[in-house]
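Mind looking over this structure? Questions follow.
Should a chain be cited, it is by its letter among A, B, C and D, assigned in written order, with residues numbered from 1 in that chain.
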Amino acid sequence: MNFASDNWAGAAPAVMSALTRHNSGFASAYATDPLTESVSDTFSEIFEREVAVYQVATGSAANSLSLAAYAKPGGVIFCHQTAHIQVDECNCPEFMTGGNKLVGVPGAFGKMTPDALENAMAAYPDGVVHHGQVAAVSLTQATEWGTVYTLDEIAAIQSVARSRGVPLHMDGARFANALVSLGCSPADMTWKAGVDVLSFGATKNGCWCAEAVVFFDVEAAKGFEYFRKRGGHLFSKNRFVAAQFEGYFENGNWMATAAHANAMALRLAEGIRDIGGRTACPVEANEVFPILKRRQFEALEAAGAKLYEWPADDLPGDGNPSEDEVCLRMVTSFATVEADVDAFLSVLAGTV
Amino acid sequence: MNFASDNWAGAAPAVMSALTRHNSGFASAYATDPLTESVSDTFSEIFEREVAVYQVATGSAANSLSLAAYAKPGGVIFCHQTAHIQVDECNCPEFMTGGNKLVGVPGAFGKMTPDALENAMAAYPDGVVHHGQVAAVSLTQATEWGTVYTLDEIAAIQSVARSRGVPLHMDGARFANALVSLGCSPADMTWKAGVDVLSFGATKNGCWCAEAVVFFDVEAAKGFEYFRKRGGHLFSKNRFVAAQFEGYFENGNWMATAAHANAMALRLAEGIRDIGGRTACPVEANEVFPILKRRQFEALEAAGAKLYEWPADDLPGDGNPSEDEVCLRMVTSFATVEADVDAFLSVLAGTV
Amino acid sequence: MNFASDNWAGAAPAVMSALTRHNSGFASAYATDPLTESVSDTFSEIFEREVAVYQVATGSAANSLSLAAYAKPGGVIFCHQTAHIQVDECNCPEFMTGGNKLVGVPGAFGKMTPDALENAMAAYPDGVVHHGQVAAVSLTQATEWGTVYTLDEIAAIQSVARSRGVPLHMDGARFANALVSLGCSPADMTWKAGVDVLSFGATKNGCWCAEAVVFFDVEAAKGFEYFRKRGGHLFSKNRFVAAQFEGYFENGNWMATAAHANAMALRLAEGIRDIGGRTACPVEANEVFPILKRRQFEALEAAGAKLYEWPADDLPGDGNPSEDEVCLRMVTSFATVEADVDAFLSVLAGTV
Amino acid sequence: MNFASDNWAGAAPAVMSALTRHNSGFASAYATDPLTESVSDTFSEIFEREVAVYQVATGSAANSLSLAAYAKPGGVIFCHQTAHIQVDECNCPEFMTGGNKLVGVPGAFGKMTPDALENAMAAYPDGVVHHGQVAAVSLTQATEWGTVYTLDEIAAIQSVARSRGVPLHMDGARFANALVSLGCSPADMTWKAGVDVLSFGATKNGCWCAEAVVFFDVEAAKGFEYFRKRGGHLFSKNRFVAAQFEGYFENGNWMATAAHANAMALRLAEGIRDIGGRTACPVEANEVFPILKRRQFEALEAAGAKLYEWPADDLPGDGNPSEDEVCLRMVTSFATVEADVDAFLSVLAGTV
């Protein structure tokens, strides 16, 4: 009953198998090997256009380096106030960008609204040197609340970014989960909606350390390899990152693992509702935020369930947990098994 | 006949096996899992004292973060002029240290002499704000020329560092090769000789991405986890880095792979000398720098050998290549097989 | 009728006179001259204890370098959400601190409350590497809203800072105005209330470019000269900065200019109230924030008055301007003359 | 007899007078005042074309910010090995550029030769990510050895820079002294010879803190104000920096002060040669480097002369000081009086 996080899982079988398969023999170092190149081609196929791909190994690296490519002196980057880059990356984005400022934008369930974004940006008018200058907008897909921007919502955010002349970055740590949720193509969810650069996450969905910075704005990618290397993020034996991607993509594995994770999250959510419980927000990807009685949480923990409390003090309407309630975060992954979901629901049912 | 670099190899069997072994099940993320802790204990055993260990995945990260922990405003770091941190890390050390300056110190075959170091440091007297302030000394063991500092040589360098009140960092990208070469203990080669912090490299010797920052100066390690995270170098699924170390260390695998690599280098060097050839410098670890006629190099390449030209314009004495000669670099690893060495030597013999 | 800002004024006569007086002859460069030293001694006298003083020339430099001395990797600095360092310094603090994050704390009229500060800090618990680590607290005295922390309020803020083990920085761009307002000693308002480092501003109060970083935490000042020099903020002819301070301090000039400025602000405020107007917040230093009808503002501008609109959308109670009102900022200085104040009030009276 | 440095002088009368003249009244802050604008126009006149001018107050700021505008991740900047940016700015250039590396290029008497520059750049071939990427070339005019690049020499350096696609920066801390020495126009010595950006120094030649970053590459200046502000180098009361420039330029004062300083240096050099002494290098601006017997140096110091020893261990030919000799640096300025020069020479004559 482990729902602590999708990064508590290991690597999916296809990924592990690719790692083993590509272990023998020699390959040229520092991402100049044929496998790395072949994976880059796969990215172009997946996105149905030429893209510039730079493989890295952590999500923080992917995000921070993406933003570094667009950084400005006194630059200001806008993201949701709960965004990973704002809350969970120990100032890596600030550091890699030479001190750009991250401004948190409000919005229900992890999604910025275009109005809130526009409003936040208005505090940084062009030409007022004191406040700095707008540099980029970053949205997270799926969000930290497990919700998913619709294509229209992405386009609306992009439109605000474009009105100020700045690029749109997508933190796709849970890209596949969002994609499966929307049922659209990778192209639809990114460059066709105006995304300029993407942190393509694969670690949470079955790899062990495979992320990629994908530039649709190919011109902006010029010289990006120097950012990666300057950050210490170029691997000598990069074939192993590439191998993970190969296993990840082949036979549609990545779609399958994401679909499974999403299905497990839905199953959880439905089970919770079936016993009269509620969730803090819509379940659209692989995260569920149940609001339970504290004693229920304790009973679940006592039964061996792994899940965490989650801060939830500005839910819309009357959504916030009451005094004796607690908001929890549960994350599913390719490694989540139905039996564990059902066991969890069964324990929960016993607490009603 | 691949002697291009030790990072062209894959992962050693024991490492790959450990990766597979630790793949199943859930493990807490971000280096809080039991395997990571167990590997940290192993480090303390290996070094025969308490050490503070931080696992990372690239050598540039290990080096740059180590130095960041000792950085100062206007800080100056001294290293050999051919050091990896000076020549091959795309300013990652400068970036991670907030702009510390790396000063290259001369010395034959990749080794700084204490005198040259003292002389270089003299240009930065204490209290002269214009020039900056001495911050650290970094030596590479084994060096970029495949040579190895003796314990006395390390202690002498350390003594110069200490006379200026700064720590000694060791770039141990090829730590095991040096250790096998000296036949001493890890403790002897590090803290007993005055090393304060070590970049412990395992990638080149059989892992695929496993490096560690090892602090003997445990006090200085306080808060180091924030440097690692700020650089984007903390892995969510760190158990896989730790697993590599487990496989690396168990049953003395790391000593065996290093011993093999060194033996292959010696076999190459002896074979070259047997046919009347020469090497640019002593062969003390897993690198050989033969100086051959250019036509010999061409013949070897034509026969499929992989090795690179290496700049060599200030070898001591009459050591520099003559007009029709070329200095080459050959690197051996756990993956180098005797048959390849012999095949290489056989081709070479045919060129005499 | 110029109330645009206190930095629109020139230099006070005593300051100009000192500049002229110290112009002739030679003086050793880079802050090693006797005048610089003598001014440092004056600081120690003024603060009734040994302090470490570093003269610089801009407020942004003073603030950012102060904070740099306490920066940490992944560091988080807390200040009021309207603080100059947060809003008006183009990320200079972020840059100088290697990417520390500035977190804005709410509070009426530019003052953080201890509760709000504690609450903001709670989001950064010790040991959670993802969120970064608390590094410093900065308060502004007088605030951006022209209000002044009482000694008890400073001590209360300091107490929260100390509870998390971090230092308290005071941005004293309008230090003298606050001091005059409180009627206490410089020692009372700083180290006796727990301030560790102070940006001592003199520019706005009659100098043309004289600021000082004053460390009460003398140990933390060690090596600070390297921060100053690394930022390009050490002046070769520093005697001219020192001369400004000499003129500023001699015969209590600085108290007189601040007292005059504050008196002019009060005169403005009283005049505004006399005609039935209101101010957005208490007038405690040299700033007044009247809330007027927009047509009144237009009439004043038409009459040649210089003053600016100021964002005011979260004033306590019913304080916010109504639809046809506007919040304005007026700043007085040593150069403000009574006649101008009265002329302004007279125009205003005509609009009622 | 003060020849310690040109920054030991105060401000020239015309500069002081302008400061006084512009002190009264109000002026809009942060370099938006009419005087600042008028001085910018003067720069365009002086350089006979449109230039983008940013006033700052220290030479380190001018240099470091100039280079920041052209910085790249992993960037490498080439300058003479004795350049101020390399030796005397406490890593401010490294810091402001996000860790760009400064590579010292050799060359007699402070001047890089095109060959040496080309050779140094060759170690950084395009596309090799490990070594970083060439970012800029910086030359110093007049040099740290008081010599002056001819127009052809500048053009030759620029040609090497251009061959690698990088800009040419000129550190003109002693711009006027070089200009007077060459007898050419400011345009000739800069953009007509291929300079892209200039640190225009006025402090050493009669201002007290007035420097300017002058972009001839106007496109590259876009957004430069954010670099200046982010570094804390934008002055609120910038009119005082501008006033210095006004006094500096009016009636050709700057040419006169530079001509005087240069003449004093020549008088010193000739006097030294008259008594059979020698100088380490040609005297082409306002610096003289006599090589004297140590006892002569001691006699001069005893007589009250202020001058410094200067490291000189790689002078061409037999130029280095012998065992009982010492190389000294003497700097003249607008404030140097003939009587002091003659007094110095008279003391020296007595030591022969």
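What we mean here is this: contacts are C-beta pairs under 8 Å (C-beta built on N, C-alpha and C of every residue); 3 or more make two chains touch, one makes a residue touch a chain.
Small disclaimer: the values here were computed from a predicted structure and weren't measured.
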Touching both chain C and chain D (chains): A, B
Selected pair, greater C-beta contact count between B-D and B-C: B-D
Interface copy of A-C among A-B, C-D or B-D, judged by whether over half of the contact pairs recur: B-D
Chain A and chain B: spacing of chain centres that average the CA atoms, whole Å: 35
Between chain C and chain B, distance of the C-alpha-averaged centres to the nearest whole Å: 51
Between chain D and chain B, distance of the C-alpha-averaged centres to the nearest whole Å: 41
Set of chain B residues in contact with two or more other chains: 30, 73-74, 89-91, 95-96, 98-99, 129-130, 132, 226, 229-230, 234
For the chain D and chain B complex, residues of the former touching the latter: 73-76, 87-91, 94-102, 129-132
Residues of chain C touching chain D in the complex: 2, 4-5, 7-11, 16, 19-20, 22-30, 56-61, 64-65, 89-92, 95-96, 203-204, 208-209, 226, 229-237, 239-240, 306, 335
Complex interface listing, chain C residues touching chain B: 30, 68, 72-74, 98-99, 129-130, 132-133, 223, 225-227, 229-230, 234
